[in-house]
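My questions all concern the structure below.
As written, the chains take the letters A, B, C and D, and residue 1 is the first residue of each chain.
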Amino acid sequence: MYPTDVRITKIIKETPSTRTFVFDRSFEEAIPGQFVMVWIRGVDEIPMTLSGSNSITVQRVGDATEKMFILEEGDRLGIRGPYGRGFTLPEIEEKILLIAGGVGAAPLSPLAEYASSAGICMNTILGARNTSELLFVDHFTSCGELHITTDDGSSHRCGFVTDVLADIDVSAYDRIYTCGPEMMMKCVHGMLEREDTLEKAEFSLHRYFKCGIGVCGACCMDREGLRVCKDGPVFSGIQLRDSEFGIYMRGPSGIKKPF
Amino acid sequence: MYPTDVRITKIIKETPSTRTFVFDRSFEEAIPGQFVMVWIRGVDEIPMTLSGSNSITVQRVGDATEKMFILEEGDRLGIRGPYGRGFTLPEIEEKILLIAGGVGAAPLSPLAEYASSAGICMNTILGARNTSELLFVDHFTSCGELHITTDDGSSHRCGFVTDVLADIDVSAYDRIYTCGPEMMMKCVHGMLEREDTLEKAEFSLHRYFKCGIGVCGACCMDREGLRVCKDGPVFSGIQLRDSEFGIYMRGPSGIKKPF
Amino acid sequence: MISITGIELENPTILAAGIMGTTGASLVRVAKEGAGAIVSKSIGPEPKDGHSNPSMIDLGYGFLNAMGLPNPSYPDFKDELAVAKREADVPVVASIFGGTEEEFVEVALGLIDSNPDAFELNVSCPHALGYGASVGSNPDAVETITKAVCDAVDIPVWVKLTPNVTDIVAIGEAAQRGGADAVVAINTIKGMAIDINSGYPVLGNRFGGVSGAAVKPVALKCVYDLYNALEIPVIGVGGINTWEDAIEMIMAGASAVQIGSAVYQGLEIFSSVSTGIEIFISDRGYKGLSEIIGIAHERI
Amino acid sequence: MISITGIELENPTILAAGIMGTTGASLVRVAKEGAGAIVSKSIGPEPKDGHSNPSMIDLGYGFLNAMGLPNPSYPDFKDELAVAKREADVPVVASIFGGTEEEFVEVALGLIDSNPDAFELNVSCPHALGYGASVGSNPDAVETITKAVCDAVDIPVWVKLTPNVTDIVAIGEAAQRGGADAVVAINTIKGMAIDINSGYPVLGNRFGGVSGAAVKPVALKCVYDLYNALEIPVIGVGGINTWEDAIEMIMAGASAVQIGSAVYQGLEIFSSVSTGIEIFISDRGYKGLSEIIGIAHERI
């Protein structure tokens, strides 16, 4: 289908580097963790997780996101999706742990919302470079404990989310969800593997997307050829074992770029 | 859609010039009076009314029908349809009159079947060239009266269906359905017009069909540009007023051929 | 009201050639249903019965047809055209074809007394041996034919192009050089279908032309390129099923659109497309159709 | 088991070029899902990022894409190809492209050490400036390139043809003269889409190529004509979504089929098409696939 035309109804400056764009079209059918392809006309089309049924939360990193940061309320975007495989939703009686780093809080936010509305017991580890970059703090406090870390110690615990994770008894959780910089997720993956709890864990990944619909193969990961846009972006910890995860990704041409 | 492949399960020699071909695919959704495009592979594709939900009744007149007469049980045809506008089905309490000439009995046969199964009061005037060409006699006797005429008087009343019609009080009927040679139908039309009962009457027409789906325009009638394949083949008596009906039709090139 | 090659149209939807265009009455009917102009079936020098059936099938995502240019020839069609002119109340365009420039001229002159508002030269039908695309894929032939007809008549001449060429722009330029007042793009794309139960090609002619939804992206690209290269207006045709499709075609560069296969949906298509266009124009605050013609070229 | 240009395939379904073919691992995955052979993404002399996004959209009745031949270039792809060869257990075909015959040869020689089972020459991508169809619509260029590669390597060479030409048969004949062992038809058909809300062409490259259902009738006609004209086998591609589509293509004259866009439905497409073909062959009492290749030509 052609991209759906949406109007930006609200722009929220979440942190110095991230903004949430709320639009006039709600993707109620979307499962937390699914993404949309966001077309900034005349510029580029880039993948963004839905941070709510009618919003995306964007970190400024390069050309296209830069252009998004000059958009104003009333401006328009083209949206294809939602696409991909989202998170496995927790059952009512399950206890869940969320581990979010940086803008990785975006896909976990609708999951937290789901969990809190379903009354699911949820704890969160939220990390960011510094205090001002902490994202969605109140989304994660609505129920359960929130552990915050900052890389520079500008508030709360100084260090990484993995430091908190090391202190936690992961066996107490039925499901663990994580999203953040790949090296952070790789550490989490390693720790959970050592605790033998990989099968409980789901990771939301980034790769370079072209088609976004599972055809072109641009986003395929070694060694199983998993398509991040279609078989993911959410994968179980098991699927990521012995993969390129945390080692390299590919650029638009397919050339490998080590992390 | 591509033509549906059907197998001929039975061939019934109805009269010297007509055969019924029963196939292994039933078009239950078809309304009496609707037609199918019958593809005799390698030969031609021609329109035929469904004489039953899984049959057509074919009069041998030229190339394609000739080829059909050498087909055997087990042979296959391609079928597109059902297409077009069929007869308006009578209501339970209505009294109906059928007027059939020659192979024109084919479209009226499923209507008679419908009427008799619904317990509708039905009378029929059935005409043919001679006794041996009388078609579907028992379909029309299952309920109501049957008036038979033969052009040569080889049995029953000698003459045309219109001779019987002249003796009948058409005002006694709620609906009148007719199919047969166009000149016969034209006479019926004239008689009903004089009786001022045209709005009760429906006529099933033939024109040269190409697409069969209302696009090409080959079957359009003057003066309203009605498409026999799509707006018909069944028309009300009113629709046919001041039309080419009974005056001329067009051949494949669009050139007029007077009757 | 729009004006194209000097002809005034109430709305930019035009009946495409070969669709309900064999009789004056059916053309009039389409006009009354809301078409802004009507184009006749392509008329040639001799009566033709066309190919044997099946001559058209619905593919679901488009249509496949091989009618084989059935037509009664100009001596017979003259009167039909006159009926259309008399009763349609919208501009009437006569589509004509021939195998040589002489034949094109013969047909044009044969129909001129019925006062068509324009001629559309069908140099693009892909499935008539010796006619159509065999002519239309040769720029010189297109230029010669166009010039011959333009010299012979003084009403606007539209040239209908085939997409079955390496470079449609070269053919469009040839038409323009020949004096065409507009080009019409596109005719159907060569295609076929095979019945796997028997192995037979489905069409009586074995192959034919694809129209409908499936060809829209191709038509858009042709119109886009022609708009870019030519001075004369481009009329867009191919796969228009909704008013949105029509807007897309206009944004690619079409000054008006023709609608063919979508008649399958019902003749209301003309009024629904033209109403949709009108509402779109006014809702978005455009001043008129002309403001969006070819607008895609400015979006960089 | 079928044999095509001397290569043995378990079944006649082949992954088309440019679909999940950029990494060795994804090629292997498709093979494991049941493809009879796999073709890589088209690989060129220099790394290319491809066009900016959007690079592909689902049209409902097909797809429109303009990837722009993104590829890591042969020095980088060599290892991926080696992975595919080592692990796929089915024949692996390397699709290659270049702007000149020297570039084609350079890429072929650059990949030959990874032991591909054949090369497929992409002379047909419609949306890479200076590459692809600009080459592939010129019979002389196709002949020269084909000859150059055939001379340089001693594995089979397939030539993939564009339908965006006036006469695909002339291009197929050129490939055959150049020594091609098979032709593959068709690549995508030039097309575009426009976002009416903004006027922008949807694709980052503005235009691209149509694939999927919409192009099947066109592909069938190309395959039908090529089968008629050429001595070498024709591999059919374009719009195959079901086993019925594959049978249709084979009856038109294809010795095997490639499947591209239908991967969108799921990778089971390869096993479902090949199983469907097998059941059809045995249910209808045919002795094998070869009995139905080109059978439509005999149905008169």
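Here, a contact is a pair of C-beta atoms (placed from the backbone, for glycine too) under 8 Å apart; a residue touches a chain by one contact, two chains touch by 3 or more.
Model, not experiment: these values are computed from the prediction.
S.K.: Trace the shortest sequence of touching chains from subunit B to subunit C and report its length in steps.
M.R.: The fewest touching-chain steps linking subunit B to subunit C number 1.
S.K.: Pick the pair with more C-beta contacts: A-C or A-D?
M.R.: Spelling it out, more C-beta pairs touch across A-D than across the other pair.
S.K.: Give the label of the chain whose average Cα location is farthest from that of subunit C.
M.R.: Checked the centroid distances; the maximum from subunit C is A.
S.K.: Rounded to the nearest whole Å, what is the centre-to-centre distance of subunit B and subunit D, using the mean of the C-alpha atoms as each centre?
M.R.: About 51 Å, centre to centre.
S.K.: Roughly how many whole angstrom separate the Cα centroids of subunit C and subunit D?
M.R.: Measuring from centre to centre gives 33 Å for this pair.
S.K.: Cα centroid separation between subunit A and subunit D, in whole Å?
M.R.: 36
S.K.: Hey, what residues on subunit A touch two or more of the other chains?
M.R.: 41-42
S.K.: So which stretches of subunit C touch two or more other chains?
M.R.: 59-60, 193, 198, 200, 299
S.K.: Kindly provide every pair of chains that touch.
M.R.: Once each pair is checked, the touching ones are A-C, A-D, B-C, B-D, C-D.
S.K.: State the interface residues of subunit C toward subunit D in the complex, per the touch definition above.
M.R.: Those in contact with subunit D are residues 59-62, 64, 137, 164-166, 189-194, 196, 198-201, 207, 210, 213-218, 220-221, 224, 244, 247-248, 251-252, 280, 292, 295-296, 298-299.
S.K.: Tell me, which parts of subunit A touch subunit C in their complex?
M.R.: The contact residues of subunit A facing subunit C are 41-42.
S.K.: Would you tell me which residues of subunit C are touching subunit B in their complex?
M.R.: 18-30, 41, 47-50, 52-60, 63, 65, 67, 70-73, 76-77, 80, 193, 195, 197-198, 200, 202, 204, 260-261, 263-264
S.K.: Show which residues of subunit D lie in contact with subunit B when the two form their complex.
M.R.: Residues in contact with subunit B: 299-300.
S.K.: Which bits of subunit A are touching subunit D when the two form their complex?
M.R.: The touching residues are 1-3, 5, 37, 39, 41-46, 76, 78, 80, 209-218, 220-225, 227, 250-256.
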